[in-house]
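In the two complexes that follow, chain A is the common piece, with chain B as its partner first and chain C second.
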Partner chain A sequence: MSLTAAAAKGTIDARLIMPFVNSTRNVLQTMLGLVTTIDRPRIKAVPAPEYDYSAIIGFSGKIVGVVVVSFRRETAIKMVTAFAGEVVEPDTSDFSDAIGELANMIAGAAKKDLGAVASISVPTVILGKGHIVTRPSDIPCMVIPCSTEAGEFAVEISIKQA
Partner chain B sequence: MNILLVDDSKVMRNIQKKALAALGDVTFAEAGDGVEALAVIAQNPAGFSLVLVDWNMPNMNGLELITKIRATDKKTLLIMVTTEAEKDRVLEALRAGANNYMIKPFTPDALVEKVRGTLAKLRAA
Partner chain C sequence: MSLTAAAAKGTIDARLIMPFVNSTRNVLQTMLGLVTTIDRPRIKAVPAPEYDYSAIIGFSGKIVGVVVVSFRRETAIKMVTAFAGEVVEPDTSDFSDAIGELANMIAGAAKKDLGAVASISVPTVILGKGHIVTRPSDIPCMVIPCSTEAGEFAVEISIKQA
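What follows is the complex of A and B.
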């Protein structure tokens, strides 16, 4: 199923999704040297993020909602090491900082391609399994599963045009 | 060259430090937001040759910081380094007094080239 077809099955606009696919690939290639494979997107029904660590970025302005970049712990450790160019102790503020910055770049690059005047928040990072992210109830959440040599992560998009 | 790195991400500041070490004889100071950056500048009367400024930071963002620096200092080289990639944002930063603009993500080589190019352009002016 293509991204467009998958989005059409839900109520989320595919034009809001593709910028995140492109920005995710670009950020990981440029900053980490990783090729990202995008798997079949789907509408998410449960509030818990896909994986252990989440970076949350809010959108406001002509685009509103939240984007969560959710990492499997092992993936996050490998990506942060590649990003920082050195081993960063997991579950520290520097580790959160690195995850947040990656998410910030993904959201920031996507924002440009969304083509609407919007602002993004400074990222909030949650480390630990089983956490719940409260999303806007009137905006469906589309999950874009991603895989790389460093492991799996997901970009969860709950945004709409204001 | 004395360089001030202003970014709320310590990891990003470290990435910039590693990249800009390629410029040769450089020393670095760091700040996590605009407020901290102004304090660092006030504590260094000799000033900085170059300040790299992130846009989205807590307490005081990069645009406000550049505006405040330029209110009293027309000389220091200021480069905005940010995820804010829209043309209007670039123009806003340049109008506020940034000498150049670097969009994240970037490779280390691209950052070094941006700084070298900006320095060369200013020297030629």
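What follows is the complex of A and C.
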């Protein structure tokens, strides 16, 4: 599929995106004391790796799809340390739980803001450099690149109204 | 955490597991014409890679958690070919969609069998040798190793009643 075809196919209603931009900023500010700079969103046309760790949250109900929060390893380590208030050994259950909980807070606040009757799944966290997360190709994926003092991460939103 | 501690913590009601065993057998028989041999289930105490491709389905509602169907690459290629009735290039959207759809059928049939009011998310498919899928550590994970003529795969069930 060409980029143009994907972009044409891949229009996402901004009203579905903005709640995630807001909840990301709020969660990072409140929980980690970090200011988030949102870079230019882009459509992800072809499955490609984003970063090293990804937390995946499924949506079902009136909003269906998946939201992935993907972190560079160094960013994840700094954020989990700030979140837990102490150093947490990477690649342990506690570390994954913390990453998952951050994503859960972002998705949970956005869900509330969306105002739709939807439920979100518990987070699944993927560890592994170069892993690729793919979603059903009938739901376009918008990547929101974010940067903070602790490093870079991305929120990848693939949801639609059911 | 020791294996013993995890196993004690990780008891999973067999009534939550059997629907997945049955739906896995049925979907593979019906859609792929494959007989599935179920090996000895085990508790996954420590996050560890299973296979090369994983399809993840989230549960929410009265059943919460995540079910992951994880395939060896060679197994996935054979199964997608059987499913599509033609060779599908690995690592394309069509390939991921087929893997996701198989997992969706397994989870969907099991959900029906569970009889609980739960909804399942769209599948997310992870591509990448050695990736590790972790779930919230308060939900135990039971691995059901499966083998067929097309090769090995595993159904990893981390769900509980809400």
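Basically, the second predicted complex is superposed on the first by the 150 of 162 C-alpha atoms of A that agree within 3 Å, B and C clash if a C-alpha of one lies under 4 Å from a C-alpha of the other, contacts with A are read in each partner's own complex, and residues count from 1 in each chain.
Keep in mind that, in the parts below, a contact is a pair of C-beta atoms (placed from the backbone, for glycine too) under 8 Å apart; a residue touches a chain by one contact, two chains touch by 3 or more.
Just so we're clear, the structure is a prediction, and the values are computed from it rather than from any experiment.
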(message) With both complexes overlaid on chain A, does A:G108 touch chain B (first), chain C (second), both or neither?
(response) first
(request) Could you tell me if A:S60 is touching chain B, chain C, both of them or neither one (first, second, both, neither)? (result) second
(request) Classify the contacts of A:V155 with the two partner chains as first (chain B alone), second (chain C alone), both, or neither. (result) neither
(request) Pick one for A:T30: touches chain B only (first), chain C only (second), both, or neither. (result) first
(request) Look at A:A76 in the shared chain and tell me whether it touches chain B only, chain C only, both, or neither; answer first, second, both or neither. (result) neither
(request) With both structures superposed, pick whichever of chain B and chain C touches the larger number of chain A residues. (result) C
(message) For A:V21, using the defined touch cut-off, is the partner it touches chain B, chain C, both, or neither? Pick first, second, both or neither.
(response) neither
(message) One more residue to check, A:V143. First (chain B), second (chain C), both or neither?
(response) neither
(request) Using the touch definition from the top, say if A:I120 reaches chain B (first), chain C (second), both or neither. (result) both
(request) Across the two complexes, find the residues of chain A that touch chain B and also touch chain C. (result) 94, 97, 100, 120-122
(message) Looking at the complex, which residues from chain B come into contact with chain A?
(response) 8-12, 14-15, 18, 56-58, 82-86, 88, 103-107
(request) Would you pull the chain C residues touching chain A in the complex into a rising list? (result) 1, 46-47, 49, 56-61, 64-66, 68, 91, 93-94, 96-97, 100, 119-128, 130-137, 139
(message) With touch defined as at the start, can you tell me which chain A residues reach chain B in the complex?
(response) 26-27, 30-31, 80, 83-85, 88, 94, 97-98, 100-101, 104-105, 107-109, 111-112, 117, 120-122
